[in-house]
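Two complexes follow with chain A in common, the first pairing it with chain B and the second with chain C.
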Partner chain A sequence: MWEIKHSRSASFYDRFERKGGNTEITHYCPGCGHGVMQKLIAEAIDDFGIQDRAILVGPVGCSIFMYYYLDVGNISASHGRAPAVATGVKRARPEAVVFCYQGDGDLAAIGGNEILHAANRGESITVFFINNGIYGMTGGQMAPTTPLGQRTTTSPRGRSFEVEGPPMRMCELLATLDGPAYIERVALTNARQNMRARKAVRKALRNQVEGRGFSFVEILSPCPSGWKVPPEEANRWVEKYMVPVFPLQVFRDLDHSDRLPKGIDVSKGGGIPFAADPPVPAAEAPEGGSVARGTIGEEALTLSGFGGQGVLFAGMALAEGAMREGLEVTWIPSYGPEMRGGTAHCHLRLSRQPIASPWISRPTSLIAFNQPSIGKFAHAIQPGGLLLANASMVKEVPDRKDIRIVRIPSYEIASELGSAKSTNMVMLGAYLELTGAVDQESILAAFVEKGTRPGMLESNRRAIEAGRRAAVEAEQA
Partner chain B sequence: MRLLMKGNEAVMHGAIAAGCRAFFGYPITPASEIAEMASLLLPDVGGVFIPAESEIAAIQMLFGASSAGVRAMTASSGPGISLMQEGISYMAGALLPGVIVDVQRAGPGLGNLGVEQGDYHQVVKAGGHGCYKTPVFAPNSVQEMCDLTIHAFDVADRYRTPVMVLADGALGQMMEPVTITTSAAPEPEKPWAVTGTAQTRQNLITSILLEHEKQEMHITGLERTYAEIEKNEVRWEEVRTEDAEILIVAFGISSRIARAAVAMARAGGVRVGLLRPISLFPFPARRLRQLAGKVYAILVLELNNGQMVDDVRLHVAGITPVELMRRTGGMMPAAEEVAEALRKMEKECVGNQA
Partner chain C sequence: MADRGDVIIAHHLCKGCRLCIVSCPAKVLEQGTALNQQGYCAALYRGSGCTGCGICFYVCPEPGAITVRVRKLGEGKPAA
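Let's turn to the complex of A and B:
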């Protein structure tokens, strides 16, 4: 008959130096299941020769001090978060054998979400779930797994369906997910069951060593102190009150070696997507006024319209072009729920100097794609500034003599070109013509660099040039 | 090479240049592009992106990756940062480096998606439990979103502490030209990490110290680290302070408005200068005190209900009047209004004392 090894495993410290006080005995109560389980784990680690590779992510609960005993890499997680921590560890060190050890308060209550999602991602980790039906460390409060009728310090009348709800079955819950490879529930009740527990522990660890996927073992385990029963009755108590609620069985046993999540690949560590330049203290400010060919030194442009009219994109394209001409640029959008069908606008500053505020309260130019944009921004245009309106949607412009007002039927122009979607490029072309802010070739060069398809590029060019012609005509009219 | 990109994108380019190889994130406007960029870029450099189930989990995944000795990060906005406070406290307690970017929105509660700086208190004053602090860097341009993210990784590793980058929706969403730079310091060895090897087997990452004496020693050690950080890592920027009679103090995006206001007020003959704290912890206290001794009055400009102003008043210690100008809820003061406030301040204070 199998019994617990009294000689300590190599993975089990001989003396518990980290513990302080009596370094010969563990801190667990007599009859507690934690000590048994931890020895089973240490023994398996020895037998598989994985002591150096093993990393324990410990819980908050009575076994928080498991690192007193297990001579493996140790990380102690906050309450319930061990599966998230273990995810980070395993993805960072795919070669390590990472396992969590959690109580039922830790795993099923506060950490319910973390275990659910680590399991669902099929993380290549092993989780040991010690279900003792109670919060041991804090003194015997009700856990999600406490059987109906059981009295605890927080269910003094006995747990009831009506007040506290029925106990949660974590194996069954996790077995609804496709992620886990192996799920089994065992119990520490008698020598035969302990033997099954030992087998399950070994299988769950071996699965990870062999790369077979997420493994989960629930262990029904005695907590005589929490239950307030004598240690010698505790195993029977598990059998009598817990096993009927939590059936012992294998819920899943699959090989997920073909679908393991990916960890960090150090062999790829060298490449950085953009060639990193040495730090440049200040942007190379272009000399003199040769850059922007027009009259604009400090342009503060607002573009405004409906979401979907390509307003933000037109501003971005202009910003790209201006940057390529050595100008300082800021582009700031309205963002958030507005983007869905509502209004969209962006502010664009072009300057030869470093730009202070990206926001614009008094634009030098406004490109208005729709009527509401006029109401919102036209009054603020600086005297001498420009209002470029999309005549297809703007029917009324303000009666201001101190600004230049140009109207372009950009939708009709774009439609004639066969691409109504290019309305924004038509408007952009007109703006370039009227202000000379940026060379259209700078903008088109940006499109090329961004990988715009030749057909699309040609269509944009035609739209910009049509906008320019329309601007000339509108000015002459 | 200058590239036009959003602040949120610049954060991730900086992070990768700094050697960040793992990102754990949960979507939230206006920070989501950081996670999106991470998911796009990291696999190409052998890195990992995990869409975490919550910010609670994201920060704990960061805890795990950092325990294993890898440069890793997460990013969120106010509501998510609140959830991360648990993990940040544990990281500080367990001496784990890591970078957390807060792209602030307006609050409290769900608030809205507007530009606000209301997380100053929760980020700078250590929003989690216990005796700890985190270094905080506040960019004010897209270039700095990149540079200070890189710097955050360096500082995090140097002092074994989580470091926060405090940005906001404007910085996250706006585009400016950026030059991607590299880490100033090489990534240090991490002999303390738990990496699943014989050399690191006896290492232990934990924040629990049951004995009171040991806990106090630990906190004293943290305090020593923070004192080092205060000595070495203070960063600020000054604009036209040399002859300033009025000082405006602003951090992050509001410093850009302040800068515009300084130019406007100067054009009107007001001698005003800007002090922009770049590191919020450590706060540029000494420099602020020096300047406070030279100017007649100080205006603090913030996009919140007045949070950094507490620190300004603390360090100015009453030697100069300190006034607060602020907007909240996503509302933005125009630079013209700020310039007007500076002019008024000059009239009142400088006129009186000259």
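Let's turn to the complex of A and C:
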């Protein structure tokens, strides 16, 4: 004769197994808003039938233990990083319903960056932001959302505009971005408001199920222990001190299922129209250099010079060419903050075998674009290795008989060709001539794929070939 | 006339926060005086007057503390 109308959700575990705790009840304090919120979420998961594909990305804070309660997939993110983790989970498993559950210390303080960018990208995730204006778990410290005048352990005289600044309104902040589809703020203060919260929770989850875009629900939530008031009073406290600072409203309700943020009309000059990728000409399969053909083993090359000499680019070009020959390649750059004039070098490994470490302490070859590079790396060249020096800037080379030393006036050669900027390509050409490590055509094919203009391509080819001739001449001299 | 609803409070799961008591429109809940095993004075149903509205369930922070039942349709009417 009775039917059950409201009871414990099936999406909760039967027992809350956790260390040292009662396995029948949550660890939340009497009257805590977290319990109410988690019941609302569990109920929605039940009703939508998404328990087997729901993934909770948890925060750091009281609600970190949510994974003991909700029987769904879960990942515990580093403090504040839940939206970044959720982004990865959702992109890897688009069929999953991924939701973040974060407090105000987690989301608005340490995770302020992550939430802004996830929202701005309009990630197809759902974020529940539980705002109680305080760091509850650690004992009631001031949070970014603490109202002015509130006394906390870290604002003992009350938060002031002058010292701590005013509270941050996250909904309003996110509503300045085009990415989010749905933003609403609700409060857990009484039965009526709790039902509004219930509606918002369901909408935010349904949005994701229907692919409508990024959904964000802020919940003003009581923290009786942190505020040191009884539960009933805590609910009134939310109404009296939080709601006036954080107005309850829907800030955004759009459908982004077409993955285009509303408000930007590209055709009317609201953005730069996407250009179609240029067709990629079919490249002839290159013959491959000496590494690909197996005549030399692994090549460990260091290129070094001043920033602006094209050191990193020459290495990158070689790496791209080697990839087209099916080689394993690593390229790691090292450079200062200066765009010009600082020092720059890169380590490049080319191998037929998987590469264990990209770092090179004993290069088989060094391409030195300037004098400091000699001092820094020439002593480390393996016996039998190659030192290719830019004679235009390197005046002294080490007195080593166990390595091959070749000097090329690459700046003068490049200048004669009409482009001093091609110095790096001249050096690269000389290197290709001396080692044969990679086929020149593989590198040029990479340039074509990357969209290098025909004139520039031709200029690079001339520079590489001039470098090759110079290497031959230098060897004969 | 029989009550439309019924509320079952799991004594051992209640933390005595009183939110259900102050929210109940029919005022049929009260706080007990005996401590439960957690050391809280759990809420109690007076035994009659529940309308089955479910408000106590939605204000209660504890997942399993409150269950609300309603009489099946067509029942509960006085016998003709």
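Things to note:
Following the convention adopted for this analysis, the second predicted complex is superposed on the first by the 250 of 477 C-alpha atoms of A that agree within 3 Å, B and C clash if a C-alpha of one lies under 4 Å from a C-alpha of the other, contacts with A are read in each partner's own complex, and residues count from 1 in each chain.
The rule is short, and it goes like this: contacts are C-beta pairs under 8 Å (C-beta built on N, C-alpha and C of every residue); 3 or more make two chains touch, one makes a residue touch a chain.
Remember, predicted model here, so these are calculated numbers, not experimental data.
Touch criterion met: A:Phe12 reaches chain C, while chain B stays clear of it. In the superposition on chain A, contact is made by A:Ala191 with chain C only, not with chain B.
Of the two partner chains placed by superposition, only chain B is touched by A:Gly20; chain C is not.
Contacts of A:Ser78 after superposition: chain B is touched, whereas chain C is not reached. Contacts of A:Lys39 after superposition on the shared chain: chain C is touched, whereas chain B is not.
Taking chain A as the reference, the larger set of touched residues comes from B, when chain B and chain C are compared.
After overlaying the two complexes on the shared chain, residue contacts for A:Ala477 are found with neither chain B nor chain C. The intersection of chain A residues touching chain B with those touching chain C, taken from the two complexes, is empty.
Across the complex, chain C is touched by residues 1-9, 12, 22, 24-26, 28-36, 38-40, 42, 69, 190-191, 194-195, 198, 224, 230-232, 235 of chain A. Those residues of chain A that touch chain B in the shared complex are 18, 20, 51-55, 57, 64, 67, 71-78, 81, 84-93, 95-98, 113-114, 116-117, 121, 262-280, 283, 316, 319-320, 323, 328-333, 335-337, 355-359, 361. On the chain B side of its complex with chain A, the touching residues are 1-4, 13, 16-17, 21-22, 24, 29-30, 41, 43-48, 50, 52-54, 56-58, 60-70, 72, 86-87, 90, 94, 112-114, 147, 169-170, 173-177, 179-182, 194-198, 200-208, 211, 256-257, 259-260, 263, 332, 334-336. Chain contact summary for the complex, chain C toward chain A: residues 5-6, 12-13, 15-19, 22-23, 38, 40, 52, 54-55, 57-72, 75-76.
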